[in-house]
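Note that chain A is present in both complexes that follow, paired respectively with chain B and with chain C.
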Partner chain A sequence: MQKYWKLLLSQVKLDTAYSLRFWAGSITSVIRLVMLYAFWQAVYENRTTIVDISLEQMLTYSVLAVLLSSYIAGAGTQLAAGVLNGDVAIELMRPYDYINKLISLDLGSKLTSIIRETLPMLVVALLFIGIHAPHSWEHALLFLFSTLTGILIGAQIDLVVGLLSFWTINISGLRILRASFLLFFSGTLVPITLFPQWLQIVCTYMPFPSMVFVPVSIYTGQIQGADIYPAIGLQLFWLLVCWMVSRLFWLLAKRRITIFGG
Partner chain B sequence: MIEVRGLSKHYRIAKRKQGLLGAIQGLFIRKYTSKKAVDDISFTIASGEVVGYIGSNGAGKSTTIKMLSGILTPTSGDVLVNGIVPYRERQKNAKKIGAVFGQRTQLMWDLAPRESYDLLKHIYQIPEAIYQKNLHEMTEKLQLHSLLDIPVRQLSLGQKMRCEFVAAFLHDPAVVYLDEPTIGLDVAAKSRIRSFIKQMNEEKGTTIILTTHDMQDIEELCRRIIIIDNGQILYDGDLHAVKNSFLHEHVISFELDEEKEEILIPGELEGLVTYIPEEGNSNKLTLSFHPETISAAQVIAAVLHHYRVRDVSIAEPKIESIVQEIYERGA
Partner chain C sequence: MRYFQLYVCFFSARLKAMMEYRVDFLIGALSILFIQTTSILFVKIVFDHIHTLQGWTFHEVLFIYGIAATGRAIHQFFFENLWVLGSAYIRTGNFDRILLRPIPPLFHLIADRIQPDGIGQLIIGVIVLGIAIPELSMPWGGLETLILALLILSSGLIFIAVNLFFATFSFWMVDSFPIMSTTYQLSSFTNYPLTIYNKGLRFVLTWIIPYGFTSFYPAAVFVDQGGYHTVGYLTPAVAILCCMIAYFFWKRGLRSFASTGH
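And then the complex of A and B:
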């Protein structure tokens, strides 16, 4: 366990090694926030609500969704690069599990982005944009738990996409597909409740809403009361499914390296 | 220490047909050809040996090393390293081995070597005292002190490779695999690395398997060599025996001080050496001879006696030419 922790820390060191890149990250995320604000201001120009959502609620949702969406990627890109340059084979002769190593590094990156992106964005959002507080204390705690689950689902899906590079040479198409699916169906762009009814039903059969829409809606109170626990249960179900799929793919990928030589 | 019995690795290569039709067909039916990269080899290596594993490109050296290190599962046959079957207990095997692959870095590109080493300490669970001692000794031997805190991407190839060697030996592995570790390095870096390998073997008793195309690496480090060609072992034994019985041709080239219409072989060398014509050079005299019939010193003395010589060069014996000779003789 300790070795994975050290791997995580090494990634933190790496991410903070270039202070210029570090602060550039902070600035871009604040700019994104300002653009978000301007966008919704414009949309709400001549009305007070859209489908019963007020500007303040919409801004709160969007800001949190954007904050969260920077955590739902994972180690897939690194994995795909490792497959391409043949490093995966070399990694098999280390006394650790390569996938667990990648997950540790990824968590390390996420730890730095809390400081680099999330904190500055939160400060700006609270001071200037005026997002509202969580629906209740209970909602705040469940939001944190739900967020963590959502992030883990995202990391597993990203690994699965990365693992596909063992079977397809060109993975960039898949990554674009994944990114656009995520943006739309996770609820990062707009809350899923704004979708037409049939599309909302389709969404319940996908893991994507569990990544952003569910945790943020718990924060804002769009999901409340008796609906909360089934929503979290569904998240946990998707986490289990995605984890099993990524492990299966990794087993197959490992078999492929050790038998076909990469 | 290392036992290999009847080891084979056959790669399966998908045959692709040309054109669109072929590509579509390939989605449904695939035809495979098999490539015998390693074909029924056996050898035993004792603890503390330094063995040169040589052969031409594509002979199967890297494939063998990948099977020994647990990266590849053999098609058939047995491997046992430190009493472990490497491909079955990959991580357990990993703790006891080290490796350097030429032109492939195991250090973290954006971090200084020291940080990579610190990470390796945790990954291999090296006790702090041993880690400090090894790091100190090894950086001393490779003269790395001044490089430890520079990001790896800023180091030259030679500096990087020296850093790689520390990474491979830091956890006191019982066996170290070196797959063309000196490729592309300058003479100074090569010689530092050679003396490091030698010291590690002598002081720690590390077993070493070395593949290289550099005959000097082999001569300075290995008593025993295993020659592999087309996946099969051609020779396994003493280096000097193979050199004496197979490496017949020594080649010496003289650059003469004057241009001559026709360069004649000195009389006393008649029948003992062979004249190798050189294209375009009318002032070059290149002779090949068998070291058993006449010594290099005698050849040089004879030529100096007849000609004014500006320069003499002795061609390096090539591993490829040994392999070629053994092959031709059908040994």
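And then the complex of A and C:
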């Protein structure tokens, strides 16, 4: 009887270990929301707008940007792990395209985290922070399309970083660099319209604003009217570029495996 | 003295291991630099539009930021290994090995992995302080520097004590990393003056998890806004008290530790 009791306990331990990780993640996100709220409240004391952005718009922007930014990572980690432990060799023999498989697995896990993390956070934000609804129905639909494009761009960039593991083996440093680069230049920390002029010009030549700034700005109405379609067009252009780059890296990487395998 | 020699031995061994992945090490150091620069740039961008944050100037906020960054560097350099107590020592059974050695387990644990990334953090912190201090419009001399150094040391000790306290939970629950990282997230509040937050948050950051003493209260010794001048001088006492509590708790955890092998 005692061994069953022990088994039961060990299962409880295992479950709590995972649920703890889950709850800790949610609490961390709530802390980030509280931080955002307090910071922007203080910033907007004595003023109603900054560069034509109201407090309500800014809070909406920040909350959505933070939520969206957790989706712009991708399959790169799994790929790098596969390279380290050698799984990649077996995967290449199987009758599917390895990269497409990784991307679809990644999209699946994103779908579950929408239900598990994003929706609860959104409810908290709606109730306590007071974020506003999309600018209009048209904006809401375009926002969804633009978000999807942004996430796909992020997945391609992540893949490129992951593929670098074929050359450097260890990519933990690169991953931190990628994350901090994205946090800033995607406009997650602060809308790109607040950047100094020269930095805004630099940003127009990078794919990163297409990942967070463009979709969220379409939601809040900072991008509207005739500006929307060129912005989405640019997103699609960057998606194409990033896709081609990741394919090119993949071809080069595969050639490198052949060298290793003999 | 014997411990000092031991520490040097551990350190050089660690350095040799790191030089195996020289590129990754360099990228890691670069990432720290980049993360810090972008978060300061974020503050700068916001201040370009608002000039003061509830009465605080850019350089005063920078001063608070610099103290926190330098304090964190001390923690990061010497005590980084606390983060992996659960995952790399207790779960794997490695901690049993440490318990067998004729030196205190805590000493062994922290000497096992010194994190040179902390140096990058330290350099950034000192540069930030160097930019902020001349703009504070107050006389600055040797005495002020000495007091500041003491306060920063205390700040580092508080970071260490809080992390040690929450790492200790690993003795009962195998890996307390999620709790540690959630608590650590609270420290991001202290990059800004505590006066911008509401009473509840200020209470938590002063009395429950005393992160307020890692940056804001020490800064108040020099930049007094809101009458926290004398509270600031309590920082070293708070640091010592925190360390005592954390160490006592660590001892307690050590006593009830049963290896995962049982």
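What we mean here is this: the second predicted complex is superposed on the first by the 230 of 262 C-alpha atoms of A that agree within 3 Å, B and C clash if a C-alpha of one lies under 4 Å from a C-alpha of the other, contacts with A are read in each partner's own complex, and residues count from 1 in each chain.
In this text, a residue touches a chain if its C-beta (ideal position, glycine included) is under 8 Å from a C-beta of that chain, and two chains touch if they have at least 3 such contacts.
Everything numeric in this text was worked out from a predicted model, so none of it was measured.
In the superposed model, A:Leu189 makes contact with chain C only, not with chain B. Of the two partner chains placed by the overlay, neither chain B nor chain C lies in contact with A:Leu67. Contact with chain C, but none with chain B, is seen for A:Phe39 once the two complexes are overlaid on the shared chain. Note on chain A: of its two partners chain C and chain B, the one contacting more of its residues is C.
In the superposition on chain A, A:Val216 contacts neither chain B nor chain C. Contacts of A:Leu92 after superposition: chain B is touched, whereas chain C is not reached.
The contact surfaces that chain B and chain C form on chain A in the two complexes overlap at residues 13, 17. Against chain A, the residues of chain B that register as touching in their complex are 11-12, 63, 66, 69-73, 87, 90-95, 97, 99, 101, 104, 106, 108, 110-111, 115, 118-119, 122-125.
Contact residues of chain A toward chain C in the complex are 13, 16-17, 20-21, 23-25, 27-28, 31-32, 34-35, 38-39, 41-43, 45, 47, 50-51, 168-174, 176-177, 180-181, 183-184, 189-190, 194-196. Chain C meets chain A in the complex at residues 21, 23-28, 30-31, 34-35, 38-39, 41-42, 45-46, 48-50, 53-54, 173-175, 178-179, 181-182, 185-186, 188-189, 192, 196-198, 201. Interface of chain A with chain B (complex): residues 2-3, 6-7, 10, 13-14, 17, 86-87, 89-90, 92-97, 257-261.
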